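Multiple structures are listed underneath, in structure tokens.
Both complexes below contain chain A, partnered by chain B and then by chain C.
And then the complex of A and B:
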């Protein structure tokens, strides 16, 4: 066996997102050697991607059952608005947070019921709930930004115990819990089984409807948590604050797919996808690249990484 | 079963129509259709509400339609409104260059279109706006005052909005005239301008150690910039915004990085549009294509 023969398979395994991430890190380190690898910048980067990580992990669960959730951004906006309105109305912080989380769970149940039992496509069901939630957020806020949130609520998104942002700690916890659920539990195996082949899963005795519904509940809860963190971080709630999270969370899962040999959604792959998007955004900002060009580059990277993954999958 | 579904659907539609934004007025009242792509924006909502209230007091039937940033749908809504031949259509803060189809339909139906904070264009009888150049100049002057008239500044804008583009151009001219260096001009994403500006500012602070000020074209990105500056502990950097939103005034009162905002006089804008429509209903067309009203600077020192 030659050294080259060992390196080539290793490089092949590194294709897609991991290779892309390494290339981006190398590129930005060379072009901005004093700023990009600076611990302060890396800490900022982690804080920037924390909220997206939570939504993307939740989206991974839905995509594991071969569905997707277009309403995660609107759910995040809605939960932030609910919490802010209740806090401004004088509710205790814990109660407001619980109510916002409950709203996320209810949204997940409705989405799951529409998809799993009413047999609507995930696209139609979550598009409908996204639209309705966007209207609900606007109605609740009268289109305005809610501010004046209490200090104890702001701790959730702005405190830094031991210098580590709380949002990062929460994102790590959510990532770990989602990874454990998907990879180490019977429920996780059921999610993957339904995503792999729903019919076969039914024959294997899995309650496909319940399994899909639970995936949407996880998604709703994750999105609600992200919305709470966003509102706390921004010290305000805006009816569209969480909207950009929808497309980027789906993009992160797709980029993450390029890292997995099995080509099925995984938490590790998704977090890699989130990091790729975060590094790209951060690096291009540091280089002061035209923002319109940034959007083009982000789109290209998604296409190239997913395309490479496809080619690798087709290889005998 | 089908009849039952049909009745539920009819009941829902009737219930929804009862919750509509149209105002109850006697039959024969002048109908005014307000259309906008930006009702989620606090300033747009503010001016549309003010105009609606004035219209109701004058006995008009005012309906408000939002397309949530969708300009294609906005064309459809204007076409559909024009076919009903209201007394006037009011376009609130949409770029009229993207609305030629809708404006042509309004013209074909002889329905006058008045614009709030949009732009002059064929098919627009008159545009009433804050003087965006004035807003740009005043906000730039406030930032220059905050930074002592020299140093590096960054600008946060959003070019697809013609008003924002105009105020950014005027602010830039003021900075150039004062010899202040504009180190970068950033595009703030919409939706999500607060979080977007916060991220942009965090990255900007990492590469610009000598930054002295951030000019934001409206208050939401100014708020995001303020939060990033506060978190980074770079309290010497001043931020100004435009709009005079309540949250901006609250930030200015804290005497932190948010130094000033320039309040747009939405009461005066809404009243002027209503007056122009009243004249139009009396058969008197506007004498100008554009009416630009000045803003008021609200700074820490005022």
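And then the complex of A and C:
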């Protein structure tokens, strides 16, 4: 999406992925006519993809500066564990949430500093923090699941004001804020400029290091928020609960890049990618497809979509 | 006998070149920046396929790098082509089999052999450390030893002495002469006039895509060669009328970088300062140091009396110094963005309020700059990659003008743009100066520099070698000074 140009040009360019999405929806509706289009299932689907939406939006910002963050899944797990342990220890809910969010920001600062100032590759830096965080989560929980979270914390993931799940409302807000940041603010321009051509951004007087660091801070915070929602939804914190979010969030951004035929990541494309992955997951579940086969299919979809964008001569 | 002949035209970078280099001769290749030396070398070494014509070594036609190597064409590029992380021995045997001892690679023999090869060049180097830790001489020696090892029929040396001291150069010359004795044909690219006369049997001068001379050094002299390199079709624009000197807007004091060596000068309000120099003279680095892209090792920059924090383009821009880089695609254009976004990039803060981009201000800037610079674009949202090179360059100029700079640093501002855009950019530069900006222009186009500049600085190997008045000099003199000639 051309930042600032609005959603319309992006929508006009949308091609393969929306058609694929419609095909998927049609397929599942025909195969499971009573279950798939049921409002209960659709609401369940939205609730299911809400957490991924948040992480994928955060990942979009990092990928807009042409980096990526492998630690988002581990950060989400870690934030859930931190909040749960503090809650179990008797901290007030707000304080526990604040502490988990602060942990996410700190993780983002460390990742950003390693990448932007120590010049480690994003791969090495975030792989290292992912590994360290996974160890931290296991250490804090002794490898087991924490239960017994207070009711007011569970409201975050399980309440439905006006019948709409709170997680969905939060995900919509995060999507809107990220879209606004990327396409309407000076900071968004800096992110896109650094991702498009870091050297040109330097010549234009942009502080490239700070710009990249900020992108990682956004992804750290987004991942921490997602981890909180996840453990609230599950009423428990597991040391690896958030881990799958890493691959799926990157996949969602890639699918979005293909869908919008854009040279750079956009929130609209990413959300489309999230919906594609969510519908696929939900539909295959309803069809009782073996979950391992589902994973294989997801992998195939990523390869096909990224392959298509390569064939158009664009580098994702 | 080495017969080497080719004729071709590729974007008319080179046009109808016929050359023959006999075995056992050293031919110097001279030419201004952009005269086509690099292209010629690439073609002879097989890396580039000529659009017409052919290259033959001992009567064998060359069609690619493997064929060229098979025929014995070996090139030592200016960057030497070493793998930095490997040691001297590993670099020596890069792409070639190690000596064997039974089934195994005989590392000890490879070691001895490498030491001997370097010894023949009168250079000793530790053999087991990564070559990136070695000195320029040692690195040059390894690259050269590797080249000699391949028993070249044709050896191309691209500015081999660029990072060598006088003594080291003498050693290198000895090696080159020895190779010549053994019947190797050598193409020697250099910017140093003295080397041509000391070492070479013939000198080939490239100018304006053609070979304009192929002479014996004894039949010519440095001034005559420089004259050949500058021979123009006399379409030189008149120099600017003299203007009264205003107050200093930019002061550069003892600036030192990797190549640039304690350069000092001042630019006054309304003055256009041209910087001439050969490739590698440090002219681009000088602009990068002033513009904050690169941090200076020593020395400082002041803009309107205020000293500028070094190593930060943001600090430079805030102080009023704006830089347009040499390579448009690399340094200037964000290809994934629109014309409007590329224009806004230098002044995001001014174009936003509370961090929010103000669309109206952005569009006003677009209108202002498209009118001022006559940018041909379909609209603000057109992807910048769709514009012509000249229009892209104008967008980049618009970007820096939007920062309302007091000093404008332009590196090759008219390279790769069409004639009309060239003219437009030149008159814009003159215009900006008239309105009080100080401008520093680096250009390989000497006639352009002479017609634009109020003052012309010549850089030779990182040092300020001359300070000329464009009204009292000509291309010949400037180029002679670029080659290190005295007054």
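To be clear about the criterion, the second predicted complex is superposed on the first by the 296 of 316 C-alpha atoms of A that agree within 3 Å, B and C clash if a C-alpha of one lies under 4 Å from a C-alpha of the other, contacts with A are read in each partner's own complex, and residues count from 1 in each chain.
Methods note: a contact is a pair of C-beta atoms (placed from the backbone, for glycine too) under 8 Å apart; a residue touches a chain by one contact, two chains touch by 3 or more.
Nothing here was measured: the structure is a model prediction, and the numbers come from that model.
Asks: For the overlay on chain A, clash or fit between chain B and chain C?
Replies: Chain B and chain C fit side by side in the superposed model.
Asks: For the overlay on chain A, what angle lies at chain A between chain B and chain C, C-alpha centres, nearest 10°?
Replies: 120
Asks: Identify the partner contact of A:263: answer first if only chain B is touched, second if only chain C is, both if each is, neither if none is.
Replies: second
Asks: Is A:150 contacted by the first partner chain B, the second partner chain C, both or neither?
Replies: Neither partner.
Asks: For A:197, is the partner it touches chain B (first), chain C (second), both, or none of the two (neither)?
Replies: second
Asks: Using the superposition on chain A described above, determine whether A:18 touches chain B (first), chain C (second), both, or neither.
Replies: Touch partners of A:18: none, neither chain B nor chain C.
Asks: Which partner does A:205 reach: the first (chain B), the second (chain C), both, or neither?
Replies: second
Asks: Of the partners chain B and chain C, which touch A:189 in the superposed model: first, second, both, neither?
Replies: A:189 contacts chain C only, not chain B.
Asks: For A:138, select first, second, both or neither according to whether it touches chain B, chain C, the two together, or no partner.
Replies: After superposing on A, A:138 lies in contact with chain B but is clear of chain C.
Asks: After superposing the two complexes, find the smallest distance in angstrom between C-alpha atoms of chain B and C-alpha atoms of chain C.
Replies: 15
Asks: Jot down the residues of chain A that show up as touching in both complexes, chain B in one and chain C in the other.
Replies: On chain A, the chain B and chain C contacts do not overlap at all.
Asks: Quick check: in the complex, which residue numbers of chain C touch chain A?
Replies: 291, 293, 312-314, 316-318, 323-325, 330-338, 340-341, 344-346, 348-349, 351-352, 355-357, 359, 362, 381, 383, 399, 403
Asks: Over in the complex, which chain A residues touch chain C? Could you list them?
Replies: 2-5, 9, 184-190, 192-193, 195-197, 199-207, 262-264
Asks: Which of the residues in chain B come into contact with chain A in the complex?
Replies: 39-42, 44-46, 66, 68, 184, 186-187, 189, 191-192, 194-196, 198-200, 202-204, 206-207, 220, 223-224, 227, 231, 245-247, 250
Asks: Chain B touches which residues of chain A in the complex?
Replies: 32, 35, 38, 40-41, 44, 47-48, 134, 138, 142-145, 147-148, 158, 230, 233-236, 238-244, 281-282, 285-286, 288, 291-292
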